[in-house]
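Have a look at this one.
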Amino acid sequence: MNAEAAVLALAQVVAMVALSPLLVGMMRQVRARLEGRAGAGALQPWRDLRKLLAKETLQAAGTSWVSVAGPTVLIVSSLLVCAMTPLLGTVTFTSVPDDLFVVVSVLLIGTVAVALVGLDAGTAFGGMGSSRHMTIAALVEPTVLVSVYALSIPVGSSVLSQIVEARLDDPASVASPVSLLALLALAVAVVAETGRLPVDNPSTHLELTMVHEAMVLESSGRDLAWLELGSWLRLGALLGLLSTLLMPWGIATELSAGGLLLASGALVAKIAITGALLAGVEVFLAKLRLFRIPELLAGSFVLAFLAVTASYLVVQA
Amino acid sequence: MSAVGLGLEAQLVLAVVAAIVATWAPPRLRSTLAGVVSAAVGLTGAVTGVLVLAGSRGRIEVPTSLPLGDVGLDPSPLGGFFMVVAGAVGAVAAVYAIGYAEGPAASRAAWASLPVFLAAMQLVPAAADAVSFLLLWELMALASTSLVLTDHRDRAEVRQAALWYAALTQLSFVLLLLGFAVLVVDAGGVGFDLIGSLDPGSTSASVAFVLLVAGFATKAGIVPVHVWLPRAHPAAPSHVSAVMSAAMVKMGVYGALLVCLRLLPTGPAWWGLLLLAFGAVSAVYGILQASVTSDLKRLLAYSTTENVGLMFLALGTALLLRSVGVGGPADSAVAACLLLVASHAAFKCTLFLAAGSVLHGSGERDLDRMGGLGARMPVTALAFGVGALGAAALPVTAGFMAEWALLQSLIHGARPEDRLVAVAMPVAVAVVALTAGLALLTFVKAYGIAFLARPRSEGAAAAHEDGAWTMRPAMLVSAAAVLALGLVPGLAAEAVTRAGGVAGVGRVGGAGLELSGVGAQLDPIALSVMAALLAVPVLFVSRAAARRRPRRQVELAWGCGGVRVSPRMQYTATSYAEPLARVFDDALRPERDIEVTHTSESRYLVERVAFRQRLDDVVEERSYRPVVRLADRVGLAARRLQNGSIHRYLGYSFVALVAVLVLVAL
Amino acid sequence: MALSLVRLLRLIWTTGRVAEPAPPAPEPTPGRPSALAGSVQIRHVDAGSCNGCEIELGAAFGPVYDAERYGARLVASPRHADVVLVTGVVTRNMLEPLRRTVEATPQPRLVVAVGDCARNCGVFAGPYGVAGAVPDAVDVDLEVPGCPPEPQVIIEALRKVTGR
């Protein structure tokens, strides 16, 4: 059981490391085409990454080990999330279940690492990005936990693999109001957590509008490479989780070569569709003012809470 | 005489010896000698607690000259658990104080009060009847008030703080006295075993419950009776703050557990709801206030309110779920409460001791004036970092395991059939989530602003690790406890099972924690191993890239190429929390004042802008100040009765005598 | 909203692709660092220009010429950049910030001077506010002549660096 889980985790990590830059490239390409441009191609993030690893890494006086270790912590936490969430299969380790709180806490380690890197830079922008980033992270957490809680009530467990397996067994539950409300709330939370429009514009150059970018302004070379890849992995893993919860078909419940192949193809399709949808919707959105974001997150929390109450009504009925 | 009895007597004897040593020892040796004996008091308490948890029992009677009888000490496993916590914290803090105490903190009064405080605090969980409990409680309160007053000559705020603390701690004593009185009258005796046989459904039991819980909540620091915490903890010396925050407020939690699990078990559902509601409000309010304050010790004090709120929330959940018959998650909730107690003791002790070291090393207490301390005080930075990780409940620390257990019991306690539980559980999950998120922000702020980047003042720039040799080991031992409880929580599972009288908490894997009542398990070591394995390829690639292009040090950080770069351009703690303060400004009600001074030549040119922000405790402003003002007015009016005329006073006595004679005749 | 969802969708549909087909790739400059092949991040610095070059640069990165398809991208921080693209003559106040920007860029890096003002002060040679041309302040690796240079010329220079 544990050996199978290890193989699956490794496969998931390798798959996500390969796919996440392609996902980001594809999203940029979709956006470019909708804007009438030709775009750089889906492989551009891989080229950027390769170039960053070959660049010099600078460290300013006054920064500490946090600027060196932070990017590594971020990418390790992102890899751990990829290993734990049910993306290709639902086989888990017995003593490290992909329980909701554990996955969220590992994500938060990455969040904290980037926030500390921003503060360590010792610049006004770093502190500003760090402050905004942590405020949004604090306000997103209730939505994330309550929406997965809503999904866990019909199943009786908050282990993500078991939730996905239960949805595989009962396709009707995927289209139930509980599920749709919870997934909508979770989608807003994922957008906020990964720093996409309308919460944050990932391609902005105006420092005063930055949330995530501002924290990495001081990083260069391989620090920047790990920070970029780490955030792409988070985006890929969270979109993968969201799409797996929405469309669980194709995921492998037990380990086999054919099952893994099918699951990989399904995963590629799922995150491609979700990513393209997200990129398409982003074209129509403008970034929200920072102080309108709590309203958005409060709205998503209300949706999640409604999902919980709906699950009680469903059970009673 | 059993081992436990021996241990209890030893604590009393050592406390007296320490007080004598503190009074008679020469000033040069006073700190060392009194500190060593005080640490012995703490260690004895911890060892006694471990013995009790291991299964041995013992009872001693300490004769007193009071008409209420002897002080009977007979610790139960629950008491033993809290003795371990209090003893360990006391021992570490005493060792720290050997090096830290100087000036008023090294005076005779301070060193004599500390062992008395430690002994009283450790023996409160050992009390076997209501009278002993109250006596030890009051002794603990008096000793701690004396310790809070240590610096009263140097700082004016200390006197105010001690006044608030004394008033509220006496309030808690009065409430406890009334509550126990109701129970004792009902039971016909003062022993806890006798009281434990009462019917929890009766009205007097409910009245007693409310009174007792209110009294314990005051000591624990629950909103709205928390107002002494943010005043007393910054006023007291750091080692005293550490003991008060990490151990003394736990006595309030011990009292609540005593009432709910031993004195009045199986109470009605509204008891649990009451605890849950107040716990939830305290948790959110506490962390909200902590996240916007820039005073480091005030931040840590409010964080204590938050954690105690979570403990009460866990206990309330347990009561609620028990009353609807859901045993497994209820047991897990009790286990979560105890784990929260242990983990909070560990990380809060670490944080306060590190804050004391920062104060000694840099002279600063305001986060806005710190910065760059990580390079200048590496050991303190390490200890504070580990403590902050624990407080933010991140893997793999004690706080993470405790919150994991709490969330498991909340999630598995979902019962759609019962409307009360159906509403309470999701609200509780949301509250815990919001608290966790805000705690993240608070401790990223505290660690990042204080220890990273560049110093914002001269005190911070000149900071150095304090030379006193006991401070560093004490901080590191405390930090190690935070990590140990987080990496091998299974070792504490046995203790938690015995203490809480619950089933379903066990060891799994190496030393992972298993909550079989809810079917959840977690092995933090396995998680760490996974992370380490995933880090290997990353480090490999980094190393390969570093060989081709090594890291280069440069002078300036990128600040848009400006020619006037100063550390004052960095974010401060106040600015870090400003978006949050704005989002929650209805709850926090900040007072902001902006003063613009124009140049004399023209109104269109600005010479100076001054920004002032005050964030007072809202509960204090809205609830306490009107009461204090009313009391003031009543007092002023009553002064008219005292005009100094002997004739009037004789007249009062005459009227009183006549009234008594009339009443007796009737 | 200025443009409703339906109208925006219709605009996207009817506009279609605006980017002109790519002209044949020029030869990469000799001495171009091989690490920068295919991916070049650019930090633009306006050292004191009249904004004519900025307009052309904006057009170069716009939909019609679309410099991004060749792997070039504008970034906000010189720490993220490989190329520092300088426009305009170097004024007194911008001398030190320009130097600091170039120093803040990690190796391998290139400095590209765009426009006649950047190359040799152009029409702004001599005034009291001008400290000199860009080669007087920092080492320049590539120059793009013109006042202002057309977007195609700018893109050709960038393609010499990316090699795409």
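A, B and C label the chains in the order they appear, each numbered from 1.
Criterion: a contact is a pair of C-beta atoms (placed from the backbone, for glycine too) under 8 Å apart; a residue touches a chain by one contact, two chains touch by 3 or more.
Note that the structure is a prediction, hence the values are computed from the model and not measured.
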Of B-C and A-C, pair with higher C-beta contact tally: A-C
Farthest chain (mean CA position) relative to subunit B: C
Centre-to-centre distance between subunit B and subunit A (centres being mean Cα positions), rounded to whole Å: 35
Subunit A and subunit C: spacing of chain centres that average the CA atoms, whole Å: 33
Distance from the mean Cα position of subunit C to that of subunit B, given in whole angstrom: 58
Junction residues of subunit A - those touching two or more other chains: 54-58, 217-218, 221
Touching two or more other chains - residue numbers and ranges from subunit C: 77, 79, 104, 106-107
Shared interface positions of subunit B, touching two or more other chains: 549, 552, 554, 556, 558
Complex interface listing, subunit C residues touching subunit A: 5, 8, 12, 15-19, 22, 35-39, 41, 63, 66, 68-71, 73-77, 79-80, 82, 104, 106-108
Of all residues in subunit B, those that touch subunit C in their complex: 549, 552, 554, 556, 558, 560-563
Subunit B residues touching subunit A - in the complex, by the definition given at the top: 372, 374-375, 392-395, 400, 403-404, 407-408, 411-412, 414, 416-417, 422, 426, 429-430, 432-434, 436-438, 440-441, 444-445, 447-449, 451-454, 508-509, 512, 519-523, 526-527, 530-531, 534-535, 538-539, 541-542, 545-546, 548-549, 551-559, 567, 569-571, 575-580, 582-583
Interfacial residue positions of subunit C with respect to subunit B in the complex: 77-79, 96-98, 100-101, 103-104, 106-107
Touching residues on subunit A, where the partner in the complex is subunit B: 9, 13, 53-64, 66, 68, 72, 75-77, 79-80, 83, 93-97, 99-102, 105-106, 108-109, 111-112, 115-116, 119-128, 130-132, 134-135, 137-142, 144-146, 149-150, 152-153, 156-158, 217-218, 221-222, 226, 290-291, 294, 301, 305, 308-309, 311-312, 315-316
